[in-house]
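One structure, pasted below without further comment.
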Amino acid sequence: MSSETAPILAINYKVYPTAFADKGLAIALAADKIAGEYGEAVSIILAVPATELVRVSEVVENVKVYAQHADPVEPGAHTGYIPLEAIKAAGAKGTLLNHSEHRLKVSDIDWLVQKAMTLGMETLVCADTPSVAAAIAVISPTYIAIEPPELIGTGIPVSKARPEIIVNTIKTVHRVNPDIPVLAGAGISQGEDVEVAIKLGAAGVLVASAIMKAKNPEEKIREMVEAAYRAWKK
Amino acid sequence: MSSETAPILAINYKVYPTAFADKGLAIALAADKIAGEYGEAVSIILAVPATELVRVSEVVENVKVYAQHADPVEPGAHTGYIPLEAIKAAGAKGTLLNHSEHRLKVSDIDWLVQKAMTLGMETLVCADTPSVAAAIAVISPTYIAIEPPELIGTGIPVSKARPEIIVNTIKTVHRVNPDIPVLAGAGISQGEDVEVAIKLGAAGVLVASAIMKAKNPEEKIREMVEAAYRAWKK
Amino acid sequence: MSSETAPILAINYKVYPTAFADKGLAIALAADKIAGEYGEAVSIILAVPATELVRVSEVVENVKVYAQHADPVEPGAHTGYIPLEAIKAAGAKGTLLNHSEHRLKVSDIDWLVQKAMTLGMETLVCADTPSVAAAIAVISPTYIAIEPPELIGTGIPVSKARPEIIVNTIKTVHRVNPDIPVLAGAGISQGEDVEVAIKLGAAGVLVASAIMKAKNPEEKIREMVEAAYRAWKK
Amino acid sequence: MSSETAPILAINYKVYPTAFADKGLAIALAADKIAGEYGEAVSIILAVPATELVRVSEVVENVKVYAQHADPVEPGAHTGYIPLEAIKAAGAKGTLLNHSEHRLKVSDIDWLVQKAMTLGMETLVCADTPSVAAAIAVISPTYIAIEPPELIGTGIPVSKARPEIIVNTIKTVHRVNPDIPVLAGAGISQGEDVEVAIKLGAAGVLVASAIMKAKNPEEKIREMVEAAYRAWKK
């Protein structure tokens, strides 16, 4: 039972009002506590706003802190852009890339994924279709997440509404590269959705509003982690 | 002798290798010390990478910490974008906008400047020509900086190479709105360049590589602050 | 009674299915016929897709053919971009710029407007607020069009729903430069809307879906031209 | 000897001054004449500016006219953008996509390639590295062109300076999909460069400045076509 095969709960803070300062920190501490309880049986990624990386990464121990994006530039004269070196210096272990709210050019994904590897950083690259996911698989990021954009933020879980898209993505991605874990995202709002996704073959889930807009984010994280653990143990 | 009329030294960290972590912090602390010595006789702005805002703003007292950019979005589902509320939560008092390395749409500048005002934040908007500067003046940002892009990073100071562009920009901006301080930037590398810019009517200067790439950034900041103070007292 | 003071009907083809080949050409020929009947009493601009400029400009005589956009590049190695020289070579007399569906950076508007002038071409620059319109006025395009984006394509005419935005824009633009004609757009769907806009002080209107989606585009153009003429004669 | 296996000479007009009106037309007619002479033994693609599609496609018979780019939008309210339907209506049989001067998001390439297929149109998608080319191969465009950006426009032919990049790209692309012809581009300036590229396994070449800036474009096209034919016959 290694951490490599443990199910992944990736929480995308986006820039929801709860993503910043004390509120964002409270969610990070809750996730960190739960991750500590589960040890190697679950893996939690927190993709926080770039501005919160220092604050969050300084206090957590059991979760991986990610950025939500990085710009395809080297350190230098690029006012207002954020190179991988910037998020690394701020404590990020990796970054989301190509989220449906922040699509990237294919050459830039290629450049960023290679560059992240040389910096010892991870990449979780999003895709909207099995075909795009397979194209990205060629580039060999650490993780791929499949998210049908039309379900993002709806509360209609991809695992129920479009199970075939998860299955097909895993198939097309693994045909290209069987070693890349595929996460499922979009509309995941309950433990049950997490369980279904993992039973369909997903290595974990990518969630956002379900946690960031929850009345009790800690409870919601716990619900999802428990479900992931349950599905994974079977 | 109010701080409003004091000359301004705005330091754009860009994302130079010296902009991050300990190195960026050391420059911030040096600037803060010098600003403390000069009191209200000089005003220093540090435009640091978004990822460094928390780290820098927590330790400085005498300088204004700015971001280098903000995205024209409200808090919400905008993965990897940085709304004004994000930089405010991270300690920024304002932001650069429309730097020549990060140009913005005119409607977005308008939106960001209005929004910053409602959030009690400042804006320093860059322009490449007197005509663009005057257009931006209509939108009423806190400051305007004129920077001929072809001189940025060259070490050839705008105050020597293109003094007429500073004079013309001040004229066209003040015809639209006489209350907007105009900074000069591009190639400013010595105290003398600062002095000339202020004598030409600039409210201060916007510098980057001269300080971020200096062997001794503290010395270079001091050289520029002294020159600004000297020019301003006359 | 010069053509300079005649009311303007600017028709934005966008890329509606009716904008291309025979359908686009038929609308152009109808507009051309009506423009011929009204002579100098009305001025019609057709902003057609870039791909249709040659086809349309070869056959019309009484209307001005415009592009809908131009890219801020010189002729040269810019695969897939469209410089002003390209649309000029294809017969365009001018171009829309900064439509709400295609916003531009302020420096690029400045560059394009100046460049168009040196090429003897006209520019009709769109704005979403009185403040943005006044900023653009500083740059001195041939025309400015005010279009509240939330009304575009709705059929709710700006002239009824937001008359104050037309009045305020004309005021702020003319404070900067009294010589720039201001057109009103968004939701203009009937002759009456045109009439109201002109009575509020607009130099004309910018319309799209009302004509491009009309069952009988010729009839709709005639309705608007008649209304413009009626309002203008008074 | 089918046209499918014939070597391909794809000429990217870019927006060089020679790309427009009479000059662009003369190059098209020269290419068309030469293509007529060679029949099925060679295949010529002309990627002309969007504004020239109607003019060129109306007069040529033996070459395929392409656009240089298409925007990932449906026909409708997208002022100044160019959907695939627009270039099809103007006579294009296909389009370049993702040229190094006009990179696209991976999801948009996926969308455009699928959409082009449903419209019966071809796509020639450019890539800058073997890894990006293989990623694009997953999406199954009609052709892929490999162009190291640093050689574009230099006159230093990729076939001499970086032969291994051609060989590696063909290998990685064909591992994904053996049916996609791979063209080589960047710096191709003489018949000899074409010959070498084809001998390395390329299905043809993508050229621009060598022809568009030639004193005698017809002669240069003939030189390249002859070389392609020579290499192909062996």
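By letter and in written order, the chains are A, B, C and D; residue numbering begins at 1 in each of them.
What we mean here is this: contacts are C-beta pairs under 8 Å (C-beta built on N, C-alpha and C of every residue); 3 or more make two chains touch, one makes a residue touch a chain.
Note that the coordinates shown come from a computational prediction; the quantities given were computed from them, not determined experimentally.
Colleague: In terms of touching chains, how many steps apart are chain A and chain C, taking the shortest path?
Modeller: 2
Colleague: Kindly list the shared contact partners of chain B and chain D, in label order.
Modeller: Both chain B and chain D are touched by A, C, going by the contact rule given at the top.
Colleague: Select the chain at the greatest separation from chain C, using centres from the mean of Cα atoms.
Modeller: If we average the C-alpha coordinates per chain, A ends up farthest from chain C.
Colleague: Taking each chain's centre as its mean C-alpha position, how far apart are chain A and chain D in Å?
Modeller: Roughly 38 Å separates the two chain centres.
Colleague: Touching at least two other chains at once: which residues of chain A meet that condition?
Modeller: 100, in rising order.
Colleague: So how do the chains connect up here, line, ring, star, complete, or something else (other)?
Modeller: Contact map by chain: ring.
Colleague: I'd like to see which chains touch which, written out pair by pair.
Modeller: Pairs satisfying the touch definition: A-B, A-D, B-C, C-D.
Colleague: Under the touch definition given earlier, write down the residues of chain C that touch chain D in their complex.
Modeller: 12, 14-17, 19-21, 47, 49-55, 67-69, 73, 75-83, 85-87, 89-90, 96, 99-102, 152-153, 208-209
Colleague: Within the complex, which stretch of chain A touches chain D?
Modeller: 98, 100, 103-110, 114, 127-129, 131-132, 134-139, 172, 176
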